[in-house]
Amino acid sequence: MTTAVATGMQELLEELVVAHRPRGPVGSVPASIPHLGRVEPTSFGIAVATVGGDVYAAGDSDVPFSIQSISKVFSLALALRQDSANTLWRRVLREPSGTAFNSLVQLEAESGIPRNPFINAGALVVTDVLQEQRGDARGQVLAFVQALSGSSEPAIDGAAAAGELERSSRNLALANFLADFGNLRCDVRQVVEHYVGHCSITMSCRDLARAGTFLADGGRVGPWAGEPWSALTAEQTRRINSIMLTCGLYDAAGEFAYRVGLPGKSGVGGGIMAVAPGRGTVCVWSPGLDAKGNSVAGAAALADLSSHLGWSVF
Amino acid sequence: MTTAVATGMQELLEELVVAHRPRGPVGSVPASIPHLGRVEPTSFGIAVATVGGDVYAAGDSDVPFSIQSISKVFSLALALRQDSANTLWRRVLREPSGTAFNSLVQLEAESGIPRNPFINAGALVVTDVLQEQRGDARGQVLAFVQALSGSSEPAIDGAAAAGELERSSRNLALANFLADFGNLRCDVRQVVEHYVGHCSITMSCRDLARAGTFLADGGRVGPWAGEPWSALTAEQTRRINSIMLTCGLYDAAGEFAYRVGLPGKSGVGGGIMAVAPGRGTVCVWSPGLDAKGNSVAGAAALADLSSHLGWSVF
Amino acid sequence: MTTAVATGMQELLEELVVAHRPRGPVGSVPASIPHLGRVEPTSFGIAVATVGGDVYAAGDSDVPFSIQSISKVFSLALALRQDSANTLWRRVLREPSGTAFNSLVQLEAESGIPRNPFINAGALVVTDVLQEQRGDARGQVLAFVQALSGSSEPAIDGAAAAGELERSSRNLALANFLADFGNLRCDVRQVVEHYVGHCSITMSCRDLARAGTFLADGGRVGPWAGEPWSALTAEQTRRINSIMLTCGLYDAAGEFAYRVGLPGKSGVGGGIMAVAPGRGTVCVWSPGLDAKGNSVAGAAALADLSSHLGWSVF
Amino acid sequence: MTTAVATGMQELLEELVVAHRPRGPVGSVPASIPHLGRVEPTSFGIAVATVGGDVYAAGDSDVPFSIQSISKVFSLALALRQDSANTLWRRVLREPSGTAFNSLVQLEAESGIPRNPFINAGALVVTDVLQEQRGDARGQVLAFVQALSGSSEPAIDGAAAAGELERSSRNLALANFLADFGNLRCDVRQVVEHYVGHCSITMSCRDLARAGTFLADGGRVGPWAGEPWSALTAEQTRRINSIMLTCGLYDAAGEFAYRVGLPGKSGVGGGIMAVAPGRGTVCVWSPGLDAKGNSVAGAAALADLSSHLGWSVF
């Protein structure tokens, strides 16, 4: 990458911070997760990590935040990586859900097989798979994102996890329901605990962007992850990207596909990770959420970035 | 009651035993409750307790069996009796459910308010109310049926309850779901335990018929229950009877209303209790179930009895 | 019936008129059926026809009103009467629906077999059966209620029917959906026309009460219907009564069963017909509806009447 | 394009024909559309039209077939093109449906607003919009595909349309249901007729590929469409592509996104049109369908083609 381009990217990110950092509270923060309400509402960070190994960052890009559902991408990748018996896709489908992300109706209609790994039911099954594969699902996911980002900073926010666990009735309902259909095999309470645990991982935009570049590069990790290795095969990477594009933004997947045109995954912590295949991975963070649970400023900034760079796949 | 009538009733019950006792296994027993599978499949008992204080019984009428969902009638009656603040009907509706008895769909659509107290979700709420009112819901229901039947024989089958608790994923899902909507207030696991506990009460047909006569007599208990007292007001009794008639037989309430024409409540243990207002209460038991979860021989015998005596309310 | 009793009944009805006739508009009238909005809101009529052949009436008991869904009872009775091949119950179930009366969801889930003959889908199937049996379903139902009431006054309000037909998109949707499942066999549009037609029959409380006594008397019609004949067998009558009790009041069947304790059928024209088996049939009419679509004043008056006479079956 | 590349593409298509043309009947053909059953089961055609104006074709690429739901792409594009008041997106959403393509449940839950323009309900609304805009929706769509492909061969198969109309109960149900919610404004029967009409357009792979290149080229039509013009803006094109990717393959959108990695739209006539943004448009046709309603051989061939050319967007 020439200096000119590098400068261009850095300038673009700085401009996006100026354009999109909220001047005050926007949207809402989830009432059910108290610690998320304590974040400074004008926070805004953005980082791009390219497949060439460059990292650009601006705004609050080094502030750790709760990655929440973005952890579903990494837990899925890890479960696939370890799925030597190739059984994961028998326990969770890969189709858009078309309903609120935590609905039980679909699950009942389809005999306990979640529509995709990004709705809560699907992510609980993936966590159960990790727990079955090697135990300590939460710890596995943490070690994985640390390795992928070449950083020891990603950590589990224990107090946050404990607070969320107390408000996990819906997830406990889902998990028991899955167990009733035989699609949860480890201890139900433990699976929910580990699920909430890996959702409570805190990471900065910079580290998340670095951790996600394998999705933009056919499975190959970035230079920050040590000696070259592949987290997944190119085929597995395509699989995850296609699921992100069709199911990654809760009930706004279609809208995001249009506005941003990239596979993405959001979390109610205000983060969004987007993948530009062959180019790099972007992470943006700002805590105020829209009615569908996605970062207001984050989605707008990604749309701008994608438009400026011509990165939309459409 | 004249001797002639008494003889007539006794003879009728004997004839019903001859006509309806299965010659071998009929229907099915619930796979999810192992101890129910160990019951002798040709068991058949029947008892009638009149508002006049007479009791007639035939067949295996003194054999204790698992009353299962029939306990929902007694836990509801007890919760109403103790509902001085009159809040129960804000937490559970009184309308037919029109879906399988353990569906989560309706609950989601109606924000955690179960359609009636006889579907599992509703019975869990009732158990939660008892637990809130005086603690030890299971023990309260047991003491209540002992008092109503004037018998110390009703007991909780601890081993059966423990076995069912292990297979209670669906009920734990329901209970956590209710808790998520704020409609379960005590500890979720404890509520399910007490719910399974009072479903595991064992009683004979004779004791169940005696315990249920207050429903046929405007709330007044039978002479076997000691000094005259009223378990409920006449109005509360009518309320329970109307719910039994519209919702007491799972997804076969309409069919039972037609064939038997009496308020009734069945359990997957093979028991059915039916109430003939102003006349008396009938209990029949035979373990083989039809596809809807109701005793095959029991429902047939009740239809015969109702027809012979002209007891149908229609 | 002694004069004393007769006087008692007549006085009771007069008192009910005084107590329940609205002083002004109460509840609502259906926006989708314009002609119903033109009825005087303080209208209130009541009539009782006994199995002994006496008729008592008070208030606006001779004013014809639109019977709307009450016609479903008569079309069902007629279809059963003519169902020599005994195929009706293969095409419609007899269980409570537990959802709004015009929902398509249940129909889709259960492959086009309506839950009961009183939800719109079920009534369309019954109309199709009549149309198949002898053609001119609308005319058949009219002739039937004229014969049952011994009156030539029941008539089809053609202008009202035409107005309703124009707003029948939902019924056309239901009918086409049933046809798609093979459960509607005559011309779809014609079936809806005849359905709307028999719902647009106008009758007075007096005539409706007289027409309905066969349901209280094992199928036998009243003396006003000419030479003694039976509209249905006693068994068929019980069948209809049990369906009325579990499904006759839209989504308030449970509440009505408790408050009134009698099989009943309401219509959005403000009429309610209730059956006291062995005693007689009551018809009450007042146009203001509650949120569930049942006459506010009518339901209250029936509860009072049932309570005064001790007619509740519970 | 150099001759070498051209040769490469042509050879690839020839190889795909050899590899994927069925040797006999595979999958199924829709029972509800009789004329589709008369197509030769071993038919297989494929064509690619590039944004540079080249067209490659192999197999039965000049045989006209029933485009069925692929017409939904063109009717949507045309409605958008003419939507000067910008009201279309108030009447139909743009999110994946996650249920069978003709379900009524979602529609009821969301008050008559279809989830996206490619499920039948959504396509009926789009047809209604066309009918409102300029009348003769069917004729408009036909003229549009003729103009886009620069060919007069696309035609409406009147006999097929008439046959389908006779079996359109489900679509009539949907359309009446939409009308009931006020989301269908023209005559219901006429809308269904025009909808079935434009679904009955027959086109060859070659013409379809040519007609679809505007989607790969920011809205610009190919040279075969006469003087340069734009069918849509680049933004509108991206919108349609993102909807195709998330909703274009019925309930297999996720699977197709993974296997092929391109926006696509299938029809039960066995055709699939796929768009490679910036490159070109592919059309493949083979009549045997899988359980989700997509061409078995067609989807396999597209996966191969995408893989060989590296055209997946992921």
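By letter and in written order, the chains are A, B, C and D; residue numbering begins at 1 in each of them.
Note that a residue touches a chain if its C-beta (ideal position, glycine included) is under 8 Å from a C-beta of that chain, and two chains touch if they have at least 3 such contacts.
None of the values given here were measured: they were computed from a predicted structure.
A.B. asks: Trace the shortest chain of touching neighbours from chain B to chain D and give its length in steps.
C.D. replies: The distance in steps between these two chains is 2.
A.B. asks: What are the mutual neighbours of chain A and chain C in this structure?
C.D. replies: A chain counts here if it touches both chain A and chain C, which gives B, D.
A.B. asks: Across the interfaces A-B and A-D, which one involves more C-beta pairs in contact?
C.D. replies: Answer by contact count: A-D.
A.B. asks: Where the CA atoms of chain A average out and where those of chain B average out, how many Å apart are those spots?
C.D. replies: The separation of the two C-alpha centroids amounts to 49 Å.
A.B. asks: Approximately how many whole Å separate the CA-defined centres of chain A and chain D?
C.D. replies: 33
A.B. asks: Chain pairs in touch?
C.D. replies: Pairs satisfying the touch definition: A-B, A-D, B-C, C-D.
A.B. asks: Can you list the residues on chain D that touch chain A in the complex?
C.D. replies: Against chain A, the touching part of chain D is residues 93-99, 106, 115-116, 237-239, 241-243, 245-247, 251-255, 257-258, 261, 263, 277, 312-314.
A.B. asks: Report the residues of chain D in contact with chain C in the complex, numbered from low to high.
C.D. replies: 103-105, 108, 169-170, 172-177, 179-180, 188
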